[in-house]
Structure formats: structure tokens, C-alpha cells
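Below are two complexes that have chain A in common, paired first with chain B and then with chain C.
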Partner chain A sequence: MGNASHFALFDLEPDFRLDQDRLAVRYRELVRRVHPDRFAGAPEREQRLALEEAARLNEAYQTLKSPSQRARYLLSLQGEELSQETTVQDPAFLMQQMELREELQELQDSADLAGVARFKRRLVQDQEQLNEGFAACWADPRRRDEAERLARRMQFLDKLFAEVRQLEERLDD
Partner chain B sequence: MAYSDKVIDHYENPRNVGKLDAQDPDVGTGMVGAPACGDVMRLQIKVNEQGIIEDAKFKTYGCGSAIASSSLATEWMKGRTLEEAETIKNTQIAEELALPPVKIHCSVLAEDAIKAAVRDYKHKKGLV
Partner chain C sequence: MALLQIAEPGQSPQPHQRRLAVGIDLGTTNSLVATLRSGLAESLKDTEGETILPSAVRYLPDGRVEVGRAAKAAAAVDPLNTVLSVKRLMGRGIADVKLLGEQLPYRFAEGESHMPFIETVQGPKSPVEVSAEILRVLRRRAEEALGGELVGAVITVPAYFDEAQRQATKDAARLAGLDVLRLLNEPTAAAVAYGLDRGAEGVVAIYDLGGGTFDISILRLTRGVFEVLATGGDSALGGDDFDHAIANWIVEQAGLSADLDPGVQRHLLQLACAAKEALSDSGSVALAYGPWQGELSRERFEALIEPLVARSLKACRRALRDAGIEPQEIAAVVMVGGSTRVPRVRRAAAELFDRQPLTDIDPDQVVAIGAALQADTLAGNGRDGEELLLLDVNPLSLGLETMGRLMEKVIPRNTTLPVARAQEFTTYKDGQTAMLIHVLQGERELVKDCRSLARFELRGIPPMVAGAAKIRVTFQVDADGLLNVSARELGSGIEASVQVKPSYGLTDGEIARMLKDSFEYAGGDKAARALREQQVEAQRLLEAVQAALEADGEALLSPAERAAIEAQMQALRGVLDGPDAAVIETHVRHLTQVTDAFAARRLDASVKAALSGRRLNEIEE
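Here is the complex of A and B:
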């Protein structure tokens, strides 16, 4: 079991399209089995194994839950790990990212909470588009470049979402 | 993490922040990004008839080290020829700013932005 994929751990087929509810249910079932309370009286070795298993389940769950991490994980299963050190040269997309960040900056300056909500809805649409695109090409080795480009774009969008969340928290205070 | 004084200086007083007209035939634009941290960097140069970079501007969304690296890059590029600008290495930027190992990639991003801007300019002029 040590080398089983994150998908196999939850009895799921390796695919980008994923039943999120089923994943969450399976995760909760499995993690309950290795809960420390169950091993309170067990030998130390068993306690440690349960802890390791819980950590492994948690890592697998977090990876599969996030579309961008799931995308990268699928690509790594196919062979090569997507390098994180590479500089991305995707001018049109990066230009758009820069404009979105400028827009977010303006929303922050004007403390426009309704504007932030509209902004976020647009991001969600962009994200869904990326997800659709990735789902359509990741399994085809001939379209690896395209899949990598989309997986990278997801990472930039993740960052933007994180910034939107931070801004929402600040404006909420 | 503690930033060096030079990083803080560039972060608080960034040089050459702004935008040049990307449609101008004398302007080269480099757009690069770092996937791991989601940083986005735009570096632009305006080149005169003698092939000298007479102006350079940048805009970076990222951490202090990424901002400082691009700010320093624009400072170093101004007044240089394209060929000289292309020789700027990330190691020089990292050394000047005393970047810690985990932030070296910010200087790599700046070097790649310089190269992308020069390449864009040469492409516009039919030089490549």
C-alpha cells in the first residue's frame, strides 16, 4: 500500500473529474479508523503507524481536493513532475493576470466589497474554464504541453484567489 | 524572514515602477511568472537609435525579493546596450541584494524578464 496513488487510497480512478462528495466521505471514513483516540491503549508502534497513516491520508486528501494540485499530481503520475522552478513565459495569460491584480488593487483602494464579490465570480468562471480545458487534454500524452500550461495557469489563479480572500478579510474588519 | 537592507530599500522606494507603451516599436516587453509563488513580473525597455536602453520600467506582483530584483534590474539596464543588458546574471542580482537561498528564484525571474524584454524588442525590429 505504501506506493499506492492518492486516488487508489480513496478507491477512486485517477481522473481530473472527481466526485468531491465521495472523496470527502471516503476521507472521513478512513481517517476515523486511524484516529489517535482509537489507539490510546495500543502499543507505541501501532500508535505511530496510525499517525503516519493519518498524515498520509491528509496529504492525499488535500492534494486531490484542490483542482490545481490534482492537476499537477495527475501529470506527475504520467511521468515527469511539473517543475516549480521554471519561469513561465505565457505572455497573454500573464498580462491578463497583471491586469486582474491591478483591478484587485483598485478594489482594495476603494474598499469596494460588492466589487470584490463580482471580481471573485469572474475568477470562478475563469477557473472553471481552465478546469474544463485541463480535463479535456491531460490524459492525452500528445497534448502534454497544453496540459502543463493549463496546470500552471491554475497556480496563478490560486494565488489570485488567496489574495481575494485576504482582501475580503481585511474589508470585513 | 529577515530581508536585507538593500531589499527593503528597493521594496520601500522601488525604482522605475510603471509602464511603457507596449505598442511602441522602440519598446520591448518581458512578461514572466513564477508558478510556485504566483509572482508576475513585467519588465519593459525603451531603446534608442544607438541601441542604448534609455528607459526601463517594471511592475511586479510578488514578494519583497521579487520587487527588489526587478527594481534593481531596471536600474542596471538603463544606459546599457542590449548586449550588455543581456549579460546581467541572476547571481549578480542575488549577490547585490543578499538574497537568501529560498529567494534565489526571484533573481532568476528578473534575469528571465530582462531576456524576455530584449527578445521582444529584437523580435519587433526583425533582429531575431
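Here is the complex of A and C:
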């Protein structure tokens, strides 16, 4: 399998739009072959290889399953990694971020569970919009800046989702 | 769990006899061993016809060790030498044990590894040794019932067990002379038994409340693949806590002093446990201790355990969130563990998941049965391509200490195993030549709130300005949930790594001493066992290589390569029946070396084969 791309590993064309069910079926077929459980009686060397292959397969699967990670990965396949800094040159988004965080803070202060649920639904909508936008522009090299901007926004939303989950956990106490 | 028919009419992948492998449920209160016989999974009985072995170990002054019912019965009369619920002590330090928040009727001594040793009439005993006594009894039971030596066992552990607790369980198996094929999470084992028995598909929740631990796992079942989506729990929450709640209530009601001697403590806990069990069927139960008499109603009991039940529900909600699953998407809720017989627990699960939980599967046996099914697959008795596959997750996040005593997560909880993940760090001082790697487990942000797993140093970094060195730290978690960490400076290639040995595990020295003490390894027996192990290992390798040659030798090897492998096989066969374990080992190593490239090619080909017969245009819309 060498250094084949995550997409090639699953015999898929690199694309942002991905049939999740098909990916899951393919993953299960492949992991059946390389999972360390299949090598329980095998020599140590084979066990180690299986462990490495299964770990690589899991990593590829996780990356492709998540829209934001898939977006980032597609951009890296085009040659350049997405740099880590998030909000540079995107002042509109910076503003929106601050507002969302403030809102989350208020939800925490008021322990408003119904509000958290509404907030989450809004984030899901935002996410879907970003996905649409990215799908439309990522393959066009002239629109690379736009694609990068959207990929960063996706990542930010991921982090915000994680914070919402932590908040839910705290409110559950 | 009577009839678990696995459609397997005596088929075996290779023309050798069936390999004997068992599943062991090493429980807080009870333990069991199960295996697959002519396609049927069953728990094995002892000579008196009992399947359940109480997890009780008593050390007698004459050097004998009693395990099971007799030991349990002696707990109140000989509390200091009788160990119950030892699982609650596994992989924990003395400070943790005190945090369990209850009086344990033992005297503890600290070992060189800060593990709590229990003072007994036979000297200090670690929880690992006590557990090994239980495993040894089950191993003998299996060997007698099956009439041969076991190739190995799958041992179940709570899904929420941390690294230290898992390692301690593996150490106990090693002391008991068992080869661990896999550590399997209890709720996953239960899902396997349930799923195969009922032919279930879709998302299921396993609510597993045992004697000392609670697990919740959410799994997706798809044609023999059991994929854990999320797991959660509390490794210090179980039926024992219900008993303690009742015992404390008696102490309060009877006006007893809180500082009780161990015999009284044991007696009260026995009373409490009997009351708890009676309250599953009746509305109230009469209690008496000394001159005090009282009555405990079910309502009162439910109020006493409410905070404990609430803790389990909180873990359930978190697992649902982690899995990204709504309660209504769940097809079935399966109740596992003796403590799910408590009506309040069943009601609570029904309310949370908004459906009646399944309670018709024997909650005591289902875990051992599931473990037996996986043991059979791992031992190579399954049918090719159709065997079950378990995809489990790590229950707790793993990470590193970074500046400011903060925990930086490298592998978040509920990541599918096995997993390997790397993170890059750099030096923060000019000329810095060493870096301390501190490995942590837990969900909290501050290092002090996480469990410290290991510390090691990467030395010999070439002096550079701050921020110039690039240090890649790689975490690898295997299918047992055990962690390996390595660090490498990318410029110079300097490397360091640790097999993580938790701070509260046994030291290698302690294990060596215990192995020596164990009579199974006494004297010439030790050499005989080593030889036997080496022969089994060699035989296994020969069979594996033979099968591989028959399957793929033609396609993947040149005639010369094949001849080299066959020559090495012949050489190994020549020494196999000899008396020298070391000679066999050398030949095993040689054969492994010449089959190295072949192994890699086979794995590669196998993956390609999974994709073959498909073209890209077929999988596009």
C-alpha cells in the first residue's frame, strides 16, 4: 500500500463529496484483512505489520469521514499543507467567531440546555453551508485562497462543537 | 445463554486438531471460563457442577490457598486473610484505594512499586497475585474439561479500565501461566454474544453494571463486524457500592461506631448484599444486627443508591454524545452484569433510552461466552473471511505534558484501535539537549488531574537555538488498548521509546520474583515449560508458514525465495523434538527472518484483493 493516498487506499477518486455509506462498507472489508486479530497466531513480525497497516487504515478512515479533515487533506494533496494559523485575513469570520463564543459563554452562565440545542442546530446549518461552498471551489486552483479560507472555518466550527460538548458535560453535573 | 449455535460443522482452516482456547470473565464478584465445543459456546463447570467461581481468595496458615465458595464463606471469620473484590484494587496505588471512599477490611503494605500489598498470613500479596490465583483455578478447570493444554485465553476487562488496570490484568494472567490472546472489553464481549445469538444488526447499547465497575458501550453491528462507536463508564462503581450504602445505613440506624473491626465490616456487607438481593423481588426486607432490628423498604434502598445510579446515567449520556447518536436511534439496550437485576437500575436505563432494556440474556454468563467466541476466532479456528471482527476504542484520552503543566491530547478518547498518531514538539531553550516526555491519560486539562503513565527522556539532541529542533512523539495503541510511546529528533535521528509501564504496575523485579515463587515454575519444571513453549511456538510458526506457502507461495515468491524458506522450515523441523529450547529459538528466528518480505507482500496483496474486481467507474455515481 506504500504511500498511496487515503482515497486510493479505499479505491476512491479524490473528491470532497463522498458517499459515507460506501466508505464505511469499504473500510469494513479492508480492516477485516489487516486487523491484528487476524494475526493472533502469526509470527511477531507479521503482527507488527498488521498493527501498522490497521492503524494506517483507521487514520485514513477517520480523515475521510470528517468533512473538515477531508477538506484539509484534499488541499494538502494539491501540494501545500494548510497552515495552522486560523483567522488571518478573514476579519468577517473573526467577528463571527467572537460573537459565537460570547453566545456560548452566555449559554453556560444561564445553564440553558434548550438554548444549547438551538445553538447546535445553527452550527450544523453553518457547517452544511461551508461544506457546499468548499465542494464548489476546492478543485479549482484559481480559487485556492477561498478553499483555504473555508477549510479554516470548518476547523473552527469543529473546535466550537467540541466546546459545546464540553459545556453539555458540565451542565450535566 | 444456552444455545449459541455457530454455523461451523467441524471446519477448521488447517488439517490439524482444534486449538483449545477459552474466554475468561475475571469479575469483581464472580469469575467464569467458557469455550466453544462443537460449535456451541458454553461455560465450563467445576467438579461439583458449578460454573460460577466466586472471586474470593483465602490464604491459610499452612500455605494452602482456597479460591471460590469456601473462601467467600470464610470472609467474615478470617477477614484479613480472605480477599474479596480484588479487581477493585487492580492497577491502583495506595492513595487511589483510599479514594475508593470506603473502609476495606485489609491491612495494606506498600511494595517497591507503590502498589498496595495486602498483609496476609502468607506474607504480603499484591492484587495481581490474588487475581492470578483465581485465573489459575479457571485454567486448570479448562485444561481438565478439555483434556489438553490451552493455546491461550481471551480475558475480559471493563471497557473503562485504564492502562495500569489493563497491564495489571495481563500480569496476573502471566503469573497464572496463561497466554493472553487478547484483552477484550466486557461490554464488547457481551455485544458479541448477544449479536451472534440474536442475529442483531444496527446500533445497540450495552449497559454493564457489575460488582465493582460500570461500563456503557454504544456499538454498530454490521454483518459480523462489531464497531464500538463510544464507550464510557466508571471503574469504581458497582454493586459493591450498593452494599456499602446499605451497610452504612445499618451502621447509622443501629448507632454503631464508624470504626469497625474487619470481621464486623465483612458481616455487615454480607447482610447488606443479602438485603439488596431480596429487594429485587420484595418491597421490603427485615434486618437485624446484634440487638438492633430494622426494616429496609425498597423506596429507602432506591433513595440510598440514587446518587450511584445517577452517575451511571451521566456516563450513558456522555457516551451517546461521543457517539453522535440520539437515544431513539438505538435498536436495543442490553443489560449485563449482576447488578442490573436491581429494579431501579432497569427502570433508570429504560427511562434514559426510552425503551424496555433486554434482560433475558443471562447477565452473569454473557461476557464469558462472548470472550470464548473471540478466543476461538483468535486461535484460528474460525472460517476464513467470515469470522467476527471487533473494532474497539480507547476509553480515555492519551496525551503529553506541555508548558504550563497542561495536558495536550494526542489520541482523544473513543478513537478506533489500533491507532498510531504523531505530534511534533520543539525545544524551548537555546542549546537544549534533552527533553522530558511525560505521558498522561485522562480528560482533564491540568496535568495534576490526569493519571501519569510514564516519564522518559530523549537525550542527545544536538544543541540548536530554541525552536529549531523538531521532536516527533509517536503514540501507538494496540488492539488490547496498551500504549507504546516513542520520540525521535528528526534532524539527528536520535530516538527513545518506552513500553509504557504504569507507575502503579508491578516492577519487572516483582514479576520475576513472583514467577519464581509460583510453584508452577519450580525447579526443572521451569526448563520443561520453556522447552514446551518454544516447541509450541515453533509448531505454530511452521503451520502458519506452510499455510501461507500453499495459499500465496506460487504468486508471491520466486523459486529461489521459496526454496530458501523451505530449507529453513526443514532445519527447524529437524531440531523441533530436541531437548534444547535455545536451539529451537534460534531456528525460529531464522525462519522468521527469511519469511519477512513474504509476510509484507501477503498483507499488501490481501488488501489489494479486497479491492480487486472493482473499477473506479463502478464506484462513482
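Definition applied: the second predicted complex is superposed on the first by the 170 of 173 C-alpha atoms of A that agree within 3 Å, B and C clash if a C-alpha of one lies under 4 Å from a C-alpha of the other, contacts with A are read in each partner's own complex, and residues count from 1 in each chain.
Note that contacts are C-beta pairs under 8 Å (C-beta built on N, C-alpha and C of every residue); 3 or more make two chains touch, one makes a residue touch a chain.
Please read all numbers here as calculations on a predicted model, not as lab measurements.
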Chain B versus chain C as contact partner of A:Ala135, first or second or both or neither: neither
Partner chain in contact with A:Arg22 - chain B first, chain C second, else both or neither: second
Which superposed partner A:Ala50 touches (first chain B, second chain C, both, neither): second
Partner chain in contact with A:Arg101 - chain B first, chain C second, else both or neither: first
If touched residues of chain A are counted for chain B and for chain C, the larger one: C
Touched partner set for A:Leu123, first chain B, second chain C, both or neither: neither
Which of chain B and chain C A:Phe156 touches, first, second, both or neither: first
Partner chain(s) touched by A:Pro91 [first = chain B, second = chain C, both, neither]: first
For the chain C and chain A complex, residues of the former touching the latter: 151, 181-182, 222, 225, 227, 314, 317-318, 321-322, 374, 377-380, 385, 387, 389-391, 415-421, 476, 478-479, 540-541, 544, 592, 595-596, 599-600, 603-604, 606-607, 609-611, 614, 616, 619-621
Of all residues in chain A, those that touch chain C in their complex: 1, 9, 11-13, 19, 22, 26, 28-38, 40-46, 49-56, 58-59, 61-62, 165, 168-169, 172-173
Parts of chain A lying in touch with chain B, wherever the complex brings them together: 82, 84-91, 94-95, 97-98, 101, 152, 155-156, 158-160, 162
Interfacial residue positions of chain B with respect to chain A in the complex: 29, 31-38, 40, 42, 59, 61, 105, 108-109, 112, 116
